[in-house]
Amino acid sequence: MTQWSGYLGLILQGALVTIELTLMGSVLALIMAFLAGMGRLSRYFVLRALATAYIEFFRGTSIFVQLFWVYFVLPLAGISLTPLQAGVLALGLNVGAYAAEVVRGAIQSVGREQYEACIALNLGRWQGMRHVILPQALLVMLPTFGNNAIELLKATSVVSLISLADLTFQAQVVRSQTGNTLMPFTTILIIYFVLALIISWGVRSLERRMARGLDGVRV
Amino acid sequence: MPAPIIKVDAISKSFGAFKVLDGLSMQVMPGEKLALIGPSGSGKTTILRILMTLEKIDGGHIQIDGEQLYHMERNGQLLAADERHLAKMRQKIGMVFQLFNLFPHKCVMDNVTLAPMLTKGVARAAAEKRAMELLEMVGMADKAKAMPAQLSGGQKQRVAIARALALSPKIMLFDEVTSALDPELVEEVLNVMRKLAAETDMTMLLVTHEMGFAHDFADRVLFFDRGRIVEEGKPDEIFRHPKQERTQGFLKKIIAAGHRV
Amino acid sequence: MDWDWNFVWEIMPTLIQGVKITILATLLGSVLAAIVGLAIALARRSPNRAVSRSVGFLAEFIRGTPLLVQLYFIFYVLPDFGILLPPLVAGVIGLGLHYGTYTAEVYRAGIDNVPRGQWEAAKACNLSAGQTWSHIIIPQAIPPMIPALANYFIAMFKETPLLSAITVLELMNQAKSVANTYYRYIEPMTLVGAFFLVISLFSVVLLRWLEHRYGKIER
Amino acid sequence: DDSKLEQLKAQGFARVAIANEPPYTAVAADGKVSGAAPDVAREIFKRLGVGDIVASISEYGAMIPGLQAGRFDVVTAGLFMKPERCAAVAYSEPVLCDAEAMLVKKGNPKGFKSYEDVAKDSSATIGAPGGGTEEKLALNAGVPRDRVIVVPDGQSGLKMLQDGRIDAYSLPVLSINDLVKKANDPNLEVIAPVQGAPVYCDGAAFKKGDEALRDAYDVELAKLKKSGEFAKIIEPYGFSAAAAMSTTRDKLCAAK
Amino acid sequence: MPAPIIKVDAISKSFGAFKVLDGLSMQVMPGEKLALIGPSGSGKTTILRILMTLEKIDGGHIQIDGEQLYHMERNGQLLAADERHLAKMRQKIGMVFQLFNLFPHKCVMDNVTLAPMLTKGVARAAAEKRAMELLEMVGMADKAKAMPAQLSGGQKQRVAIARALALSPKIMLFDEVTSALDPELVEEVLNVMRKLAAETDMTMLLVTHEMGFAHDFADRVLFFDRGRIVEEGKPDEIFRHPKQERTQGFLKKIIAAGHRV
């Protein structure tokens, strides 16, 4: 038991790695989501095709395959990444592909009449997007982004398979070193759940702040 | 006699296999107030949307203020208009929608100032001053800081009118601007429009089912049916002595439907 | 980075063994998830607060924590409590429970999306609660759910590689085993990726069709 | 050329891959990595002028691909020398030697003595680390693929045996002993050594092309062995220094 | 004088802090045709929904046909009604909704036969025969096999009326049954209702904004404002000579809003 409490420190280190992965992965995912999501709505065929290929590829092949590819195959092509970089890259690109569809859907969910109002007011495409469509779409995206972030948090557990010392991995280590299975797994389940709660709480309060006075926006 | 400000020449428009406008022609004089009436689906909204460049046309020509709308002359050739030409032409036209289409995430003031600031580079202070005058005119000055969601339908529509006016268009298009309002709120919007008709020399095209208002408001009434203008004339002629059978039938139905107390 | 076609043909039969298990796990997992989801959705509607609250919390917990850790838990911890499951069964239960919490949301949305007017019309027609459910609500709620359910089953399919962590010899595990035997990662990992991509692109088509066929109810 | 060594000196540490398998490797409660293999590596690198090692725990199967992909500079994990592996990586001289063992239920109910015995019993399953020596020994002895269960780590193997999911779990002798000691379970029995299985020795495994570094490593390793410090490091973990010193890389790599 | 078929006694109803009905009382005689008019939000829909048991009341009593609606007498005590009592009482009442609420997954015929077959155990053949008569009456017999999505709004509403009639209620409630329809389709529904009023002795309560129709249809008009009945009387009295200021104001606004040609 005393030994176990000592190993708790190890698990907390893992939690730090998990949080780091989740944060950095989310940032990458967010960037990719907007690039690809708006790319899919572009007037230019090439951009649309690129965005579609990215989205379908990363949603189509499993995150595991992507992770192993980034970790083991990319270096053979001369691109070597640290496990953390590999993890962030695979997670960010994967979740980014899902979130891109959220961005696209949210932009499209802004009614056609809003686009028409922009035309009637002679706003340019980008002006309308920037000042009218995106601010409304953002509010629609937010809750789903929250879910995406939780999916990303959960997906970080698979990086343990490429030896990145995240929460799940440290639980495995502790288990090997102490011979106790129940404790480490129960502990990390609770930690994951608390982290997920923090994300959804954060997104909800962000949503509340943004939604002030906007009863009309949500569909 | 001055040149017409709108000249529609044999335009046609189909949605898929369905022909909505069929070789439609019409002319509107500067300052004229026109009412477009007719049964549902006859193409009234479509012609307004075409003038606002919200729909493309399949054939024909439109001239606004002497310039081609959907075409541009380059080296003596008529080319399809590009986005820049359309943007230039749109400066002459404003539109008010049935469902207001206010920007829900911006307050009343920002709704009105957004377009002048972005499209004409008007400074914020100047834009707000002008917006205040317009809001004053539509009786919404005290709600300048309110969000659209806090307004009643009639108030929203008045803001939408102010917003369209802020770009000082020469032509204003109104598509059933009161039909989404509760009966009690209709009057406040119609009052604004009466004032507008009386005080400005803007050209106005109005689609409406409010026959009483059309009668008082319009210099000329066009009766649409199946994508064509079946009959046109002074309000009194059309409403009291329609010549065409379709017009008579339509007016009878509207009256029978209880649109009087 | 050299690609060896001979090697590809050599390992193909092994990988196909894995494909079979992957598909089997997905099918069984989907059936279980469909049932678990319905049970959760109904329990959450229960007028008994204790039932609806605790089921609700449990579902949130399962949804907020990684499937990988849940699998470890089912496979390694449950035996301490006398529940010893074969790897595939443990995997299917993990998938079914985890995705059941997602399908529960689909059921809930499907039921909520039946307009209130339908409940009221049923009442005005004096139908009993049972008659309202069986003749009015369920027939309208089910068809729009089908695409959303299919979507989750496809997502589940892409998560089956997790079962390799509990010694199920599915596609990913076979590929790893091949890679460990010959010290070559490129071919097996790429083949796994290609396999998932093909199935996913195929399922996109299927989904479009399902959405077209069942997505909307005409009113 | 010595560029690799210079590079390690400059960055001040070497990246080593280790397994999650005491006593070859051990991770203390404070996260510090020890165990026989990393301790030897740390000492040698220190002598080479590389201040420290940074260890990352890896599955056996992932070690060689990781090395090839440049994820680590060296594997020090009880990755036993075998001809195929010698072809894939550059080994140092032998470091840790161990025979193979099997963990079974008390009384050895199925009477296993060798991997062939497992092959013969058509209902028997054996657990082994994926990509590890034991997996290959079992497969080579004729145990069909679906009866060789790939187990991610020792603790999982122990648990699966206790839960009756596998009939035997095979690891090197010392690893099994360590597991049994921690488990403190009277219902287990160790069969060691497994009949017919050779004694294997591991070495530090370098990437092909890093032979210069490997040679420098060998020089320090030889000094260490001679001075007796080698024995001082590994014998507390239960390994025999004499065994490692009585054989050579060339012999082990040639063995069939 | 016969006993009233509906007796509403000092009922009140709040949504949250907002009091919609405030001690409302009214009586309706068997066979009477009643029009409920009044400004938006005055509680007209709410009182119909309460009679249909779609909302609960907070206080007061309602008797239908001599029996308590929300209470049941057991051993001389008044208890809250259980589901069985409510189901029994609902047999006397039918309702037609503003948005029709047809069952979209069932054809017209099945919409009409469903309730009689399920709630009264009528055999299919008998149910279909009766349904055909009703569809005949509303002029929808030829669409018996159509799905609701294939019908126009006016047609949907006529089916909804037939569906409500299929249970042969003593009381029919109509909540703005034409206000979701295109102007041209309103008349066909009103015609069905005129016929119904003339041919049956059903008690009917009608909420409407069609003042012309209310005038022709009703025996008595109730003017609602803020959850109370402000004025009631014969249609001619209410529409031509309203006594209350609120009523006058309301009618003036409605007229000004252009509801006449």
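A, B, C, D and E are the chain letters, set down in written order, and residue numbers restart from 1 in every chain.
Just so we're on the same page, contacts are C-beta pairs under 8 Å (C-beta built on N, C-alpha and C of every residue); 3 or more make two chains touch, one makes a residue touch a chain.
These are the chains along with the protein names UniProt gives them: A = Ectoine/hydroxyectoine ABC transporter permease EhuC; B, E = Ectoine/hydroxyectoine ABC transporter ATP-binding protein; C = Ectoine/hydroxyectoine ABC transporter permease EhuD.
This structure is a prediction, so every number in the text was calculated from the model and none was measured.
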Co-neighbours of chain D and chain C - touch as defined: A
Chain pair with more C-beta contacts, A-C versus A-D: A-C
Label of the chain whose CA centroid is most distant from the centroid of chain E: D
Chain whose average C-alpha position is farthest from chain C's own: B
Computed distance of Cα centres, chain E from chain A, in Å: 52
Mean-CA-position distance for chain D and chain B (Å): 82
Chain C-chain E separation of Cα centroids, rounded to whole Å: 47
Cα-centroid distance, chain A relative to chain B, in whole angstrom: 45
Contacts with two or more other chains, residues of chain E listed in rising order: none
Multi-partner residues of chain A (each touching 2 or more other chains): 72-73, 76, 161, 181
In chain C, residues with contacts to at least two other chains: 76, 165, 185
Pairs of chains found to touch, sorted by chain label: A-B, A-C, A-D, B-E, C-D, C-E
Chain A residues touching chain C - in the complex, by the definition given at the top: 56-57, 59-66, 68-69, 72-73, 76-77, 150, 153-158, 160-161, 168, 171, 181-182, 185-186, 188-189, 192-193, 196-197
Chain E-touching residues of chain C, taken from the complex the two chains share: 115, 117-118, 120-121, 123-129, 131, 135-136, 139-140, 217-219
Chain D partner contacts - residues on chain C that touch it in the complex: 14, 76, 79, 84, 86-87, 165, 167, 169, 173, 176-177, 179-181, 183-185
Residue numbers on chain B that touch chain E, as the complex places them: 39-40, 178, 182-184, 186-187, 190, 209-213, 215, 239, 251, 253-261
Complex interface listing, chain E residues touching chain C: 52-54, 83, 87, 90-91, 93-95, 97, 99, 101-105, 114-115, 118-119, 147-149, 163-164, 167
